[in-house]
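Think of it as A, B, C, D, E and F in the order they're written, each chain with its own count starting at 1.
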């Protein structure tokens, strides 16, 4: 039954998502007693211009002074 | 007022979505007394590599043995 | 697979939700070809002080002049 | 800590989103006491064929009679 | 049309939410051209035991050493 | 940055949620390279009358024949 929605910056590979889904599903089984087949994990890839932190879009952040 | 969000695997056509939105909106009017113009239905098309069931991405499922 | 999330003002009964879930699930089967057992419908009951339209919380709307 | 998710019809520019994120983050600081760096604002651009109002997809609305 | 969902730690007052909803709706009008009556703002009050940052539930954070 | 939202049937304890949040956050660090402090995990406890599978509310499921 558990529905896990993961919103993260775009750019992660299918293999990274496969690994995350596997661990998250196992955690729901181990710690919430949810049968794996009942666990949905859905990813949303968010563009940098669609995510702001501290009032600034990530796409508009100034690179840190080197 | 009701906000209905439908997340489903990508690939459904505009006509399928139009039919679903119509039935869902009618259901909110019939069973929740919501005026149709106040009902939002929003679809999210999810790629197979972004949806896992049982810890496996749908894009990585092995086809059933024939 | 489809995940349907319905956010609406609190106050609807269990029977209203049962009726909505039945119709919505049937619509996903009829128009999106989704097997009913794969369809999740989740309701969120939202308090009037937690929903604003036009910048005003519903709990703070002035009743219409009679 | 606050997580603000804004779903709107696609077509807004990066500058529009930057301006919205700035005001929303300031509002969370001013009225909820949230430190700006803890405020996430995430936008979702929704296609017109993925948004229905009153049971009709916006992409299928008939233009108003002139 | 825009749907703004604000998830934040529980404890904010109705007046705080009213002020936030007003500013957010104005921002959608000013910067996204959305008519105020079409803007939904929905709040979700999240308990401290239901929000984790850095892998720790906020309800289980150790107070900073004084 | 990743925002992980976990919707599950109500009834899990704070300790179960703490364990899940820890594993999920570690998975985001290990497999998505996300710094733990940037990972939000938010739980939503859903009542059985608010979750339907196969068109039936979980609160209205008939117990399996023994």
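Things to note:
Please note the rule applied: contacts are C-beta pairs under 8 Å (C-beta built on N, C-alpha and C of every residue); 3 or more make two chains touch, one makes a residue touch a chain.
Small disclaimer: the values here were computed from a predicted structure and weren't measured.
At the interface between subunit A and subunit D, under half of the residue numbers involved are used by both copies, so each side presents largely different positions. The pair C-F is the one among C-F, A-F or B-C whose contacts match those of E-F for more than half of the residue pairs. Using CA-based centroids throughout, the chain positioned farthest away from subunit D is F.
Mean C-alpha positions place subunit B and subunit E at a centre distance of 26 Å. Taking the mean of the C-alpha atoms as each chain's centre, subunit C and subunit E sit 20 Å apart. Shared interface positions of subunit E, defined as residues touching 2 or more other chains, are 1, 3, 7, 24, 26, 40, 42, 44, 51, 53.
Pairwise, the chains that make contact are A-B, A-C, A-D, A-F, B-C, B-D, B-E, C-E, C-F, D-E, D-F, E-F. If you check the complex, the residues on subunit A that touch subunit F are 1-9, 12, 16, 19-20, 23-24, 26-28, 30-32, 34, 51, 53, 58.
On the side of subunit A, the complex with subunit D involves touching residues 7, 44, 46, 49-57, 59-60. Here subunit B touches subunit E in the complex through residues 1, 3, 40, 42, going by the rule given at the top.
Those residues of subunit B lying in contact with subunit D across their complex are 14, 17-18, 21-22, 24-26, 36-37, 39-45.
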